[in-house]
Amino acid sequence: MQIQFPLTTLVAVAALAVYVWLAMWVGKVRGKYGVVAPSEDGPPEFRRIFRAHMNTLEQIVLFLPALAMFAMAWGDQIAAVIGAFWPVGRVMYGLAYAKAAEKRGPGFGLSFLSASILLLGALAGAIMTLVEKAPS
Amino acid sequence: MQIQFPLTTLVAVAALAVYVWLAMWVGKVRGKYGVVAPSEDGPPEFRRIFRAHMNTLEQIVLFLPALAMFAMAWGDQIAAVIGAFWPVGRVMYGLAYAKAAEKRGPGFGLSFLSASILLLGALAGAIMTLVEKAPS
Amino acid sequence: MQIQFPLTTLVAVAALAVYVWLAMWVGKVRGKYGVVAPSEDGPPEFRRIFRAHMNTLEQIVLFLPALAMFAMAWGDQIAAVIGAFWPVGRVMYGLAYAKAAEKRGPGFGLSFLSASILLLGALAGAIMTLVEKAPS
């Protein structure tokens, strides 16, 4: 058993675990506040968890490809170090959003910063590869 | 033409095809029940198809990365065998949800079980790689 | 620095940049029309940007895996050429949807065509690999 990006895989699994945790939390508050599927409408307590999960869906779609592309360009360790802030930021985000919508900023910012650095790093890696390959 | 994970690719294509099928179904029931974009609101018959698609979006974001990471750790064949239950479960889910929300459990469970095994397998693969690499 | 798919990576980064642009636009119109989270409801001007972003989320979940699988089967250059139409179509889609819902067709069609060709190409690559591997 030798996979190429074990630390990055750990971070990706952690990100997906946070995502599943939020999905399960939505299921739980559906029961608690009597929001029966296929409705998405309910009291603010429900809506905040629902939106925390949806926003995490929106952001994981950016994070995971950026993480994978960054790891291919810059290696497993640095990808994992930068990427590790994403699940941390998302746990902060979910817990804060559940309390009050206006508290969700820091967790969002931390995870978005992580994803943005990964995306810009992937871009830099692609450009550097193309420059090196270009006939001089 | 030699790709590394042909069977896993077939399963991923099948999963995406089920996902596109549900998206097209939403378009169709938009017409049928007169739910004009950008609205997402309509009769329960529309809402159930809409939510079946949305939930499949939520779940495919978990499934595809887990499938890819599992295949890299454990190989093409076993990834494809476990992953193949996902699109099957999602077809069951979509057809059942269209009839009644409370019938959607088994299809959800089957696809979630498939994705969970893949995710745990990816985690195990990462840990085993790190343990083997560690200096003894 | 030598990554395997630099042109495809550029296209993927462009697609994710368009996606982030739409997410930021949603944030901006939340402020403009006073749609306070966790609400998703507001005037049609808000709803159209919101839906443009959501639909792009739905579609990027199809596009990125199809792009990656196609690149692995058919190489970096052809994947990037076909994939480049996706972010172009999505910019068209977002700008048109913001003006009027019924103008969103062409941008949707262009990006969906791009993703569909990539998905079918990935399918063809998987089948050709399996046929070549089969004992004769």
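Here the chain labels run A, B and C in written order, and each chain numbers its own residues starting at 1.
The definition used in the following text is that a contact is a pair of C-beta atoms (placed from the backbone, for glycine too) under 8 Å apart; a residue touches a chain by one contact, two chains touch by 3 or more.
Treat the numbers as computed from the prediction; the structure is a model and nothing was measured.
For the pair chain A and chain B, the fraction of shared interface numbers is less than half, so the two copies use mostly different residues to meet.
Rounded to a multiple of 5, the Cα-based rotation taking chain B onto chain C is 120 degrees. Separating the CA-averaged centres of chain A and chain B is a span of 18 Å. Multi-chain contact residues of chain C (touching two or more other chains) are listed as 57, 61. Residues 44, 47-48, 50-51, 57-58, 61-62, 65-66, 69, 72-73, 97, 101, 104, 119, 122-123, 125-130, 132-133 of chain C touch chain B in their complex.
Against chain A, the residues of chain C that register as touching in their complex are 1-4, 6-7, 9-10, 12-13, 16-17, 19-20, 23, 36-40, 53, 57, 60-61, 64.
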